[in-house]
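Labels for the chains are A, B, C and D, by order of writing; each one numbers its residues from 1.
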Amino acid sequence: MTLTKQLIEWRRDFHRHPEQGFLEMRTASIVANTLEQLGFSLELGKSVMKEDECMGKPSTETTANHVKWAQEHGAIEKYLPYFQDGYTGIVATLDTNRPGPTIAFRFDMDALPILESNEPDHIPTKLAFRSIAEGSMHACGHDAHTTIGLGLATLLAKKQDQLNGVIKLIFQPAEEGTRGAKAMARAGVVDDVDYFIASHIGTGVPQHHFVAANNGFLATSKLNIGFSGKSSHAGSEPEKGKNALLAAASAALNMHAICRHSGGDSRINVGELHAGSGRNIIANSATIVAETRGETSEVNDYMKEQVENIIAGAARMYDTAYSIELAGEAISCKCSEDLAKKLAETAEQHPFIEQVTLVSEDNAGSEDATYFLEAVQKRGGQATYCIFGTDLAAGHHHEQFDINEDTLLPAVEILFTIACDLD
Amino acid sequence: MTLTKQLIEWRRDFHRHPEQGFLEMRTASIVANTLEQLGFSLELGKSVMKEDECMGKPSTETTANHVKWAQEHGAIEKYLPYFQDGYTGIVATLDTNRPGPTIAFRFDMDALPILESNEPDHIPTKLAFRSIAEGSMHACGHDAHTTIGLGLATLLAKKQDQLNGVIKLIFQPAEEGTRGAKAMARAGVVDDVDYFIASHIGTGVPQHHFVAANNGFLATSKLNIGFSGKSSHAGSEPEKGKNALLAAASAALNMHAICRHSGGDSRINVGELHAGSGRNIIANSATIVAETRGETSEVNDYMKEQVENIIAGAARMYDTAYSIELAGEAISCKCSEDLAKKLAETAEQHPFIEQVTLVSEDNAGSEDATYFLEAVQKRGGQATYCIFGTDLAAGHHHEQFDINEDTLLPAVEILFTIACDLD
Amino acid sequence: MTLTKQLIEWRRDFHRHPEQGFLEMRTASIVANTLEQLGFSLELGKSVMKEDECMGKPSTETTANHVKWAQEHGAIEKYLPYFQDGYTGIVATLDTNRPGPTIAFRFDMDALPILESNEPDHIPTKLAFRSIAEGSMHACGHDAHTTIGLGLATLLAKKQDQLNGVIKLIFQPAEEGTRGAKAMARAGVVDDVDYFIASHIGTGVPQHHFVAANNGFLATSKLNIGFSGKSSHAGSEPEKGKNALLAAASAALNMHAICRHSGGDSRINVGELHAGSGRNIIANSATIVAETRGETSEVNDYMKEQVENIIAGAARMYDTAYSIELAGEAISCKCSEDLAKKLAETAEQHPFIEQVTLVSEDNAGSEDATYFLEAVQKRGGQATYCIFGTDLAAGHHHEQFDINEDTLLPAVEILFTIACDLD
Amino acid sequence: MTLTKQLIEWRRDFHRHPEQGFLEMRTASIVANTLEQLGFSLELGKSVMKEDECMGKPSTETTANHVKWAQEHGAIEKYLPYFQDGYTGIVATLDTNRPGPTIAFRFDMDALPILESNEPDHIPTKLAFRSIAEGSMHACGHDAHTTIGLGLATLLAKKQDQLNGVIKLIFQPAEEGTRGAKAMARAGVVDDVDYFIASHIGTGVPQHHFVAANNGFLATSKLNIGFSGKSSHAGSEPEKGKNALLAAASAALNMHAICRHSGGDSRINVGELHAGSGRNIIANSATIVAETRGETSEVNDYMKEQVENIIAGAARMYDTAYSIELAGEAISCKCSEDLAKKLAETAEQHPFIEQVTLVSEDNAGSEDATYFLEAVQKRGGQATYCIFGTDLAAGHHHEQFDINEDTLLPAVEILFTIACDLD
């Protein structure tokens, strides 16, 4: 089978079997199996993920249920013991045993909680690779990312003699909600890395275009907040209650009133508020689902600190208990310009690429690969986050999202060339 | 079968088949059938309920589904056409054709959305008449009320020669949430009534005690409030959103801040608030489930008016649409003391009764029989709300609520004697 | 001079020279001088007031300035050393040296911060005893109370042989704002008292009527609240600020949202809020002037506790410091019915009195004499708060308030008779 | 007298006699007199200011009082009739009668409500030109701007033969609070202008540096907001009140909660909130002093629109009336780059200037000269806002603010050279 054909096969298989964050058991088992067969050394699961740095992990029950689903849908049993508790990260290493730099590439594997369109014109529907896991969908292109990672592995293995040093391929769970990267970075998986490259497909960059360095990621914190009060009959003894609903309402309002920061853009959103269990009962519990963002990590840290003050204060007001769970987090980044230049030069040589942007500062949401960039840069390495433009059928996170598969092979080839060229 | 036995049989059958407000199809069909067999003239369904005055009616779908349940659980088919749209009220008339007053008795039939206890010590569990409709329960004694009504009908029919004038028995749906009485009162069912008597079992009054007039009902309004804004991505273009969550949070806070009223006790509760659909999305919808209460109707009207101002203001703040649905309402009442005295005298004569209170002002929640009292008193008639004390296994609306069935027969006999004595 | 003439002379002199709470230096010096001349033993100033229980005392500067005013307006120098620091309480004792009960009467002396009307029809204007201290006014009748106290002292001294036991006359400062009584009660001035009687003129009770026991006082707390944050330029570095204005706004809103209490009426009012110093500066300070009330002390304590939670919470939200100063406080009371009966009987005998009410539960604002009642009742004594009805030209605290001076002598005589009759 | 000496004399005289916005009567009379003597044609007062576009004008009383002050401190009587109502703008024209462009320069004249430092080290104190108008101070350099304007006029008049076309000098009142420029721009004073140049001294730019175009001004709206409710006794009939304090508190909180805008930086500040008149009175009035800002006029318009929604909503909540007064406003700007380039070239030639920045995007607060820029650019002209760096003793708006007077002459010379060079 040609690599082109293989890439499309992989991509459609992953697209058809989307798995959400920390549940990428089938995906990871196939990735592990492929890499092992290609001759990579593998580190799997908890050995590459710091358990207590995983954020927003699904419940034990959800995780256990998903094991069954994975088993029933083609997961490779041999690897499940590593992944079955939801630690689905993989680090695959190819050591050329020749002197040279250590180069790492990061690929993310998770899907989104979106019900995929079944419009007949939607290509995955038409060509019969629409998601079979109702309510889960690869609507951000991570199926393509995983595919590119396997494609790159294939070339690396095959053309190993063109390489020097050590190559590490990092397959990360739970990028959505910025939940998984920190646990891998903190486990030290890039602590020996000289060059680090993360990549994304799409994000508004047109087909045939390439961005060598994207700095526009907002730092972000995802917060699940709970207030726990005391219920009471609202007619007969309201004063006995401790009103968690009012604590949450007051918190929501004051969170949005957090002061702007002169150091850069900030964001705050209380996306969900749910409180109370009946009309005539003082609400004894309330939950808030919120996020902060900042143009820099400093700005986001400021926002998060204010949220903590406000939650503690709202709880104090109504004499309730409270909890704040960090369900995801990412920092901002500043790509290494020297590395970006090398990528730009490489990309310019590829016949598929018509336009190259060296550095983009466009706001592109949040991304937790930034933890890897930070770790590598801290120890003196270089790191960048590049974007392969592609035609999109609809925007990221849309139920009709789809990429142009023509982008897959050029992406693989460009990354492979970089791996060869860096020294 | 003795009346005592019959009463217990009825009560346990109703207890076993609880039906929530506007869904009392099985119950009403059995009531109608029994009354018709006893010789009462019947008016059923929409002819005794003003459709647009029904508040908080279940959806068409829920109503249609319940028809099936009723059919499967012993509803008498013949009467279902009258009740199948959820208008489950009954007025049964016995005309003695002798001159005399028109006397009306009100009984309510609906159950609560409570999962009945299955503790082995809970009598209904032990004696196998626990609710078979999971999630519905007669936890307020309306099963007993319906039973007393049928018992009273039995005596009235049997001892018709002791009576004068006209007797009307009103079986009302949806007293819980104070949703059903207004529709019957506005349909004019008590517009010819000289004496009106509603009664309740329990409410904290001990076994063997009788309260002839209870004035302690709080006027109340049950409000379902909705805010409808516009969603938007909280990171990339937050300014495009119209934040329904913040409108609701602001409304909740300001509703609780409504000023106290010097004219009497008031209450306000936002019992539930649900808003938003995702962490990173400006919430485009929010719902509030609330209630106001007042020691007098004037105080409750004041509270409700303030709520309306606040909701309109909160919507204006965030440029959202809003809706306020009246999901239930009751007024306060002042029982007719002359009628209460007659009840007190009658009750004192009954061997079961050890203590009689003429007038109680104790706060006893809210009750929509007050609409009947108001209508009767307005046209010059007399009306009261009396209470038959009983032992309670647990408080009203508790999952282990249970009455002492010994109270049933004396209640029937006292009401019958009153019917005989009034002139 | 007849007592009638003397009473009017005293009353008009006090009316003309109103002194606000803790500043009654001229008044107290005249009271002290009169009582000493009548043969009473005096305890003055700090010896009858617990310093740290004085609430809402004016500043040292205001107090010092008022000393001069008092000196220039007829204060008797000899007594000023006792009063010049603002501790203006007096306890005057007459010991008959005959066995008998200890009976105490309380009179309050302070005026209000109201600019008296200069309408020509306003009697004090017409008869030239309008306040000469612009902005201060006896608009609640305490000028009459002080006068009645001196009149009573006159009769007691003159007709000492009709008495037994010990008589104590308590002249209290700062009843307005409920600030002065607690300090005297806590200093133990009624700890030896068997019968305690406080009285008020007017309060809506008509001329010739007498109320022997008034229970309708609301417990209350007067709170001065401050938030202290950090200012910052709102345009260039808003994030450096700690916004005291928003802390106060949030506090105000949530204070009004304190839940109703089933134990009785409650009140909350944020009467004033002042914050900030410029349009483009994050406000670094805010003050709130507030009060809570409760039908019972328990209800008021509940309200106050919630306020404390809310203030602490609002400060936590915005990371500001805060302070809560108790600027006044009163408890509720329940008069001793036996004592009230004796008063009622005595009053009924007086030719001026046409109607006597034994116990009134009418809401009559707040009053700190309740601290004396509590102290006396706690040790087994009896205590009551009675009202002498009078014609009012306008309501209490109105700029045209005025009493009917015909009430003065009967009030003196009734209190004297009681002093004689109690045993 | 040399021009250098004259500049210093003017500047110190203006510094000693600071006049706040719309009160620059003395200043304007001296400016007018000087320009007239130099041969300029004058338009004064209302003829160059659209009355109803003046924002935040002092009261009639304040204005009338200031006329006296101006007369007593050296105002030139002849011009006062034009300025005495507070319309203190001047447009002075020099027509060379040679073909050529119309070039306008804008200078602002007003001082700030700041008490100037009297530290002995503060140069104005040391050299005896500290403000003699206590509470007013030239703490932003407008004394220097007016001086530079007069210096430029002097050179223009003297070296008229080097010029072509028409030169307009605009002396603007009330730049502080961004209140005066709009009224002049709307009066059409730049409607015939081809080149427009505004300038500022300082603003953080170092001595010997020059910025040819400053784009970093935030659009802004200054808002005075009032709520008018109804007072009521908080204890006896709280429900009768309409609580303006709570309306304002709720407004303040929700104003700060206005959503961030993806189109650029925004700001909101409720700088002052004052409400209520007594502890036990429901507050019947409240005032808010606020401002919004936006990186672009679009962002600021968004902020202002949200404020209007919130104020209307808060008033609706509490059934109060409300008012919103626009007390100042400015738009953002984008300088004309061609004109900026010419300024940059000219400045580079001047021996005093060591460094030139073509365009700065640094946030530099708000400035209403932007209305002039907009008007000129709209009709196809070019406009820029340049900055002459200077040593500052302390930051703008600081009580020890002071400039380096060495900057005055170079500024005059550079502006003169530009006037000569533009064609």
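Quick note on the criterion: contacts are C-beta pairs under 8 Å (C-beta built on N, C-alpha and C of every residue); 3 or more make two chains touch, one makes a residue touch a chain.
Note that this is a predicted model, so its numbers are computed, not measured.
When the C-beta contacts at B-C and at A-B are tallied, the pair with the greater total is A-B. Most remote from subunit C, judged by the distance between CA-atom centroids, is A. Centres computed as Cα averages put subunit A at a distance of 68 Å from subunit C. Note on chain placement: the centre of subunit A and the centre of subunit B lie 53 Å apart, centres being C-alpha means.
Centroids built from CA atoms put subunit C at 50 Å from subunit B. Multi-chain contact residues of subunit A (touching two or more other chains) are listed as 236, 238, 243, 246, 250, 253-254, 256-257, 259-260, 262, 267, 282, 363. Put simply, subunit C touches subunit A in their complex at residues 236-239, 241, 243, 246, 250, 253-254, 257, 259-263, 282, 302, 309-310, 312-319. Put simply, subunit D touches subunit A in their complex at residues 253-254, 256-257, 259-260, 262, 265-268, 363. Chain contact summary for the complex, subunit D toward subunit C: residues 177, 218, 220, 222, 234-236, 238, 243, 245-246, 248-250, 252-253, 256, 267, 269-283, 286, 289-291, 293, 363, 365-366.
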